[in-house]
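Two complexes come next, and they have one chain in common, chain A, joined by chain B in the first and chain C in the second.
Coming up: the complex of A and B.
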């Protein structure tokens, strides 16, 4: 059953997110360079990481579909990409707000991190129109799976390319340089855990809703044909 | 760019967090609407199943209401080889 354990998961998600936000505002120290505006970092970066991982997860589920031809994998892939797109909208909006507060511009076109995320977002924005432009359900699932795998492979490649590029304005907070104080890192990790839990909870809710609707549809057909 | 003063930075930080909370709220509202639709479909199916059940029981009662005709045809079938 998809809905099993959802209540506990929802409570854990809400508790983790509330704890994370409380830590952001009452525990994490103010950034010496950016000041209070840096608090957006605890929301924006975990959301971006989870969105990108969600796109990759969608690609992995699509591989599962092509290997097994089980529609469950297709549904998993679709829901993961759908949720990642929603988080992607959040990343772009919160990123723009942060950019405006820090750099004085809503968007900086010569910054590889921003533009690469926008490219990934726009690439995945094509996923749903592509999917729903195909009427045959088998063909739809197959084409969507191929798209999800190719786009999913593009995400880490794109990330690596941006990492290798010379950083211009976007700060590098994760990595070998480790320029994040331990208290900030702790709050960041709690925020990341909250965001991961949020993604898993919403993914499971969406899966449960979609599977229930599919069951209802088949039940209706059985009732009408009997 | 120098760090913004707290009163000005607060607006941006609040804006970012409000966007996040609004997104979650919109998502929850959409899920609630979907749940309502599912409940409506379940009610429809419930009604459909009840109607089917009623129709079946009506058919059964109709069959039970015609015992003589059934018995006559059975008798006729039995008599035929005896002749």
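Coming up: the complex of A and C.
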């Protein structure tokens, strides 16, 4: 009963992702400057957007936890941040590959978005060490929620500060979708939708698994105590 | 208000008697200058490099103080005593931020002149009012974020590790803005401070003061 609707969602996700990749490789035009490697943009940027939204969603769920004290909200926040961290690794790797291909270095400090993302990633990398070095489950949820709120608010502030630190804005190849050709923009939007669906599906699976495990534990305890 | 002043007095008295934190912070800053001198192989610094060395040193010295901020409370049951007292829990936040701010000011009274003496290039004559403004704005950010991070870390098993790990990424914008604001002051033809960095520091302080006020209570429930 936990996994209600998960099958349909999984099918929709798989279909959207397959469509997105088909469009990326067979429909989207080759970039005039960068050529084939620019196609990593359709993976890297949606992943970054979804990861950042996941971090902020984790913060919002944490507010929900502190207001209601319902463990479900804590679980939501934890799963969202956990998944976003995994996506974050992907963002840093794909960003690095893209930087290598288009600027010749594995890491460029004058790309403010990537640098901000690294700082945010380093901050969120402390979430799990913090969480799991507190034993009391109630306290663990509370402290993790406070951290998630602080870090969620830190995300936009950090972007602002790092952005301002660039003497002149780096020529944004394909940063803002405003200057994309419409065919590229369409493919980008499909990829973004696929990534959002992927996140939601994984999040729902993880939530269902965690809730089932918790239920199993409580049932077993009841069985043992009776 | 009385609770805050009592708590601040307690912290300052404790520091005056034990002299555990602030001397260690100041000593750390001096050692860091010596290390920077040898590691960078420079006798005098200016511009970006000078600002960076100063701010990284202040940040790391502040982390030492942040790590010890709640140690007495945890070891000697101060949290329980405070929670039993009929006062607002925000008093603890205000008191700890004030105490940390005092520690930082004392640290900077030693570390900044020592920096001028030991490392700053002879040509660079900094403008003091601007420097003090930057220091004050950055100190507020350091104190608020440091208090929050210390409050988060103090209940964990690996608190000496978790504290700095949370604090350092959170303080990247402060160091960034403070160092960029300071660097024209340390350049040979001294320039003016860019207002946007002061604005970033001010915004950072404002956001985290409000956030701290909103969430700190949840760290003190047991």
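Keep this in mind: the second predicted complex is superposed on the first by the 204 of 226 C-alpha atoms of A that agree within 3 Å, B and C clash if a C-alpha of one lies under 4 Å from a C-alpha of the other, contacts with A are read in each partner's own complex, and residues count from 1 in each chain.
Throughout what follows, contacts are C-beta pairs under 8 Å (C-beta built on N, C-alpha and C of every residue); 3 or more make two chains touch, one makes a residue touch a chain.
On a predicted model such as this, the values are computed, not experimentally measured, just so you know.
Novice: Sharing chain A, do chain B and chain C clash or fit in the superposition?
Specialist: Once chain A is superposed (C-alpha atoms), there is room for both chain B and chain C without a clash.
Novice: May I ask you to decide whether A:21 touches chain B, chain C, both, or neither, giving the answer as first, second, both or neither?
Specialist: first
Novice: Where does A:214 make contact in the superposed view: on chain B (first), on chain C (second), on both, or on neither?
Specialist: So A:214 meets neither chain B nor chain C here.
Novice: Let me test your reading of the model: by the given contact rule, A:11 touches which partner, first (chain B), second (chain C), both or neither?
Specialist: Neither: A:11 stays clear of chain B and chain C.
Novice: I want to verify one number. Taking the Cα centroids, what angle sits at chain A between chain B and chain C, in steps of 10 degrees?
Specialist: Apex at chain A; the opening toward chain B and chain C is 110 degrees.
Novice: Looking at A:130 after the superposition, I want to know if it touches chain B, chain C, both of them or none. Which is it: first, second, both, neither?
Specialist: It touches chain C, and chain B stays clear.
Novice: Please work out whether A:189 is in contact with chain B alone, chain C alone, both, or neither, and reply first, second, both or neither.
Specialist: A:189 sits against neither chain B nor chain C.
Novice: Identify the partner contact of A:102: answer first if only chain B is touched, second if only chain C is, both if each is, neither if none is.
Specialist: first
Novice: In the overlay, answer first, second, both or neither for which of chain B and chain C A:94 touches.
Specialist: The first partner, chain B, only.
Novice: Quote the smallest CA-to-CA distance from chain B to chain C in the superposed model, rounded to whole Å.
Specialist: 26
Novice: Quick check on the output: what are the common chain A residues between the chain B footprint and the chain C footprint?
Specialist: The overlap between the chain B and chain C interfaces on chain A is empty, containing no residue.
Novice: Which chain C residues qualify as touching chain A in the complex?
Specialist: Chain C reaches chain A through residues 148, 152-153, 155-158, 161-162, 165-166, 169-170, 172-173, 176-177, 180, 196-197, 200, 203-204, 207-208, 211, 214-215, 218-219, 221-222.
Novice: Touching residues of chain B toward chain A in the complex: what are they?
Specialist: Those in contact with chain A are residues 1, 3-4, 6, 9-10, 12-13, 15-17, 19-20, 23-24, 27, 31, 34-35, 38, 41-42, 44-45, 48-49, 52.
Novice: Help me check something: in the complex, which residues belonging to chain A touch chain C?
Specialist: Touch list, chain A to chain C: 66, 119-120, 122-123, 126, 129-130, 133-135, 139, 142-143, 145-147, 149-151, 153-154, 157-158, 160-162, 164-165.
Novice: List the residues on chain A that touch chain B in their complex, please.
Specialist: The touching residues are 21, 31, 33-37, 39-40, 43-44, 47, 86, 89-90, 93-94, 97-98, 100-104, 198, 202, 205, 209, 212-213, 216, 219-220, 223-224, 226.
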